[in-house]
Amino acid sequence: MDRFRMLFQHLQSSSESVMNGICLLLAAVTVKIYSSLDFNCPCLERYNALYGLGLLLTPPLALFLCGLLVNRQSVLMVEEWRRPAGHRRKDLGIIRYMCSSVLQRALAAPLVWILLALLDGKCFVCAFSNSVDPEKFLDFANMTPRQVQLFLAKVPCKEDELVKNSPARKAVSRYLRCLSQAIGWSITLLVIVVAFLARCLRPCFDQTVFLQRRYWSNYMDLEQKLFDETCCEHARDFAHRCVLHFFANMQSELRALGLRRDPAGGI
Amino acid sequence: MDRFRMLFQHLQSSSESVMNGICLLLAAVTVKIYSSLDFNCPCLERYNALYGLGLLLTPPLALFLCGLLVNRQSVLMVEEWRRPAGHRRKDLGIIRYMCSSVLQRALAAPLVWILLALLDGKCFVCAFSNSVDPEKFLDFANMTPRQVQLFLAKVPCKEDELVKNSPARKAVSRYLRCLSQAIGWSITLLVIVVAFLARCLRPCFDQTVFLQRRYWSNYMDLEQKLFDETCCEHARDFAHRCVLHFFANMQSELRALGLRRDPAGGI
Amino acid sequence: MDRFRMLFQHLQSSSESVMNGICLLLAAVTVKIYSSLDFNCPCLERYNALYGLGLLLTPPLALFLCGLLVNRQSVLMVEEWRRPAGHRRKDLGIIRYMCSSVLQRALAAPLVWILLALLDGKCFVCAFSNSVDPEKFLDFANMTPRQVQLFLAKVPCKEDELVKNSPARKAVSRYLRCLSQAIGWSITLLVIVVAFLARCLRPCFDQTVFLQRRYWSNYMDLEQKLFDETCCEHARDFAHRCVLHFFANMQSELRALGLRRDPAGGI
């Protein structure tokens, strides 16, 4: 129990590391969800793009909002923004600092999803198989445009009768998957370059201001936790007194009614 | 034993975290139950929709009532509503706060079930395979409407002779599953957006009132726990005195009857 | 818990070993990513070289920046470079020492990727199959240059109809893979020789200066950690006093309003 309590105190004391942990957990959950997702393209001309893009973009949106939801700092930020100005001056910079730190952590899981989906390529093949330019492939020379459209809609479904063992299906699928992977790796590189610039060049500009904002953001978190704890303690103390008062009252009432004469008698 | 007791006391002291834990546990149990459920569609025209929708909606209802049952606050809320008005003013807002917090926690497990069922798609395919518009698929051109209905009823049963290895079955099944997943992801997104708005925009409106209600809701919980404990202690104390009194009485009666002469005798 | 804490303290206290651990972890992750990567060459004349070289060089670049990102020392280095000169003299040598140690650790994972890709050979075959000199192989004698180019573009795709079971495909592929492995082993040897010279011959030149720089680089790391910890402690202490002050104020206000007469009464 003591170990559990110490672990708990450790987590309580350093809120930032907790948030990083939650952020990592969410990213891991994202990988788990993606790998357990049963992706099946409808292979119907009108629905392909909708389904593919939906599965590429809806879950990241949900994960982004989840990331904001589970982060205590996002609530703290709104509270700091709306609090009545007391002795402590309101500083927009602190709110901006909290906002950026919340956004950074909330964006991790959606990015993981999008990159996984792009590197895997299934969503991309499903979404864009109808948009491929048939001119690029020699296999469509002797097909009418309507037939080509029908064929392209079936490309994501390996098992379909129409496209089974067709070299054209493999060529289109290969082309789209390799495009998807290229986009995925480009986004990865871009994200890492931006993160690198943001992290390594920041000390060149406003290190002191940054440290101050971090201090205050930590302070707000601690203040709220202490407030909650003190409230709880206050309520317990108050309830204790009320209950004791009730029992004392009851006994004095009984004594007044003459129902309790000797110390071992009824209530 | 001591560890267990301390854990118990910790859980007792912070009722909200316990409720969150129970809520998570219920959701985990839901996932476990769903994954171990052996879903098999009857594939009979009249029963398909009933079975599919039943399995989609009955367990969530049961889980919702379970969620209300295991939550202490739902009982506290009714008690607060019916208690005689004493010195402490009755506040409808507190009851409303408790009600909403109880409902939120009770809705988690049913939502998990519904989303799992929709993302998995089996229930949906079973429930709506008869309602599919045959015009959408080219494979039904040379079948009578009656045959189409019979065929559609068999769609959820992969192993059935009538539909085995039929590309039409695969197409309908693919279409329904992808519709099911789309609905599932839309509900997920909607729920998360609502939760996000409720949590992150709340501090903009009535933060003080909210904090007060949370304080009183915690207070009620603590008051009842302390009342129970004090009652228990009082009863033990009282019983102790009664039992001692009984033995004292018996000994004096025995002495009066002259049945107890030496100190090592009977009772 | 105590063990966990000791491990944690050990990791905290010796930043260099943490960095080595992270560096190893990144290399392991690299191996994992490479082995789970689904490499598929587009087999289209114009895209082959782009895709192959992209997959050979983009991930190492991303991994290199990642290696810089996760290394605390890279931020410390920029901070040391930009800090206002106080009593402690700024020494360019220390910055150079930190820079080289950061670069060494950041280069490990990219090297692992490049060596894996070269020893595996798939990327190399995909990138350079179009650049092979057809004169080297006897099989292309009776093909037009255009046909040879189309054939060479299909070499990385084993399953393609055009090249299936063709001995020419096998010959070209064998030649390219063996070239790729030769380059990979040469780079491995070169890296190991350089590392050996740097590590074993360094004590011959400037051992004292090296030890001093290492001391100061460790010092900076520890200084920052202690500063962060003290900040956190300060914030906690301050928040504690503020919250107590708030509750004290509330009780004195209540007393002033005459709402709190006896210790067991309502608020």
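Labels for the chains are A, B and C, by order of writing; each one numbers its residues from 1.
Methods note: a contact is a pair of C-beta atoms (placed from the backbone, for glycine too) under 8 Å apart; a residue touches a chain by one contact, two chains touch by 3 or more.
All figures in this text were calculated on a predicted structure; none of them were measured in a lab.
> Please indicate the chain closest to the centre of the assembly, with centres calculated from CA atoms only.
Located nearest the centre of all protein C-alpha atoms is chain A.
> Can you name the chain that lies farthest from chain B, using the mean of each chain's Cα atoms as its centre?
Comparing chain centres, C lies farthest from chain B.
> Roughly how far apart in rotation are chain A and chain B when fitted on CA atoms, stated in degrees to the nearest 5?
Angle of the fitting rotation, chain A to chain B: 40 degrees.
> What is the distance in Å between the mean C-alpha positions of chain A and chain B?
24
> State, to the nearest whole Å, the distance from the C-alpha centre of chain B to the C-alpha centre of chain C.
45
> Residues of chain A that contact two or more other chains, please.
4, 238, 242, 244 - these are the residues of chain A that touch more than one other chain.
> Considering only the defined contacts, which chain A positions touch chain B in the complex?
1, 4-5, 37-38, 40-44, 47, 50-51, 54-55, 58-59, 61-62, 65-66, 68-69, 74-75, 78-79, 82-83, 157, 159-161, 231-232, 235-236, 238-240, 242-244, 246-247, 263-264, 267
> If we count contacts the way the header does, which residues on chain A are in touch with chain C in the complex?
So the residues of chain A touching chain C come out as 2-4, 6-7, 13-14, 119-121, 136, 167, 170-171, 174-175, 177-179, 181-182, 185-186, 188-189, 192-193, 195-196, 199-201, 203-204, 207, 211, 214-215, 218-219, 222-223, 226-227, 230, 234, 238, 241-242, 244-245.
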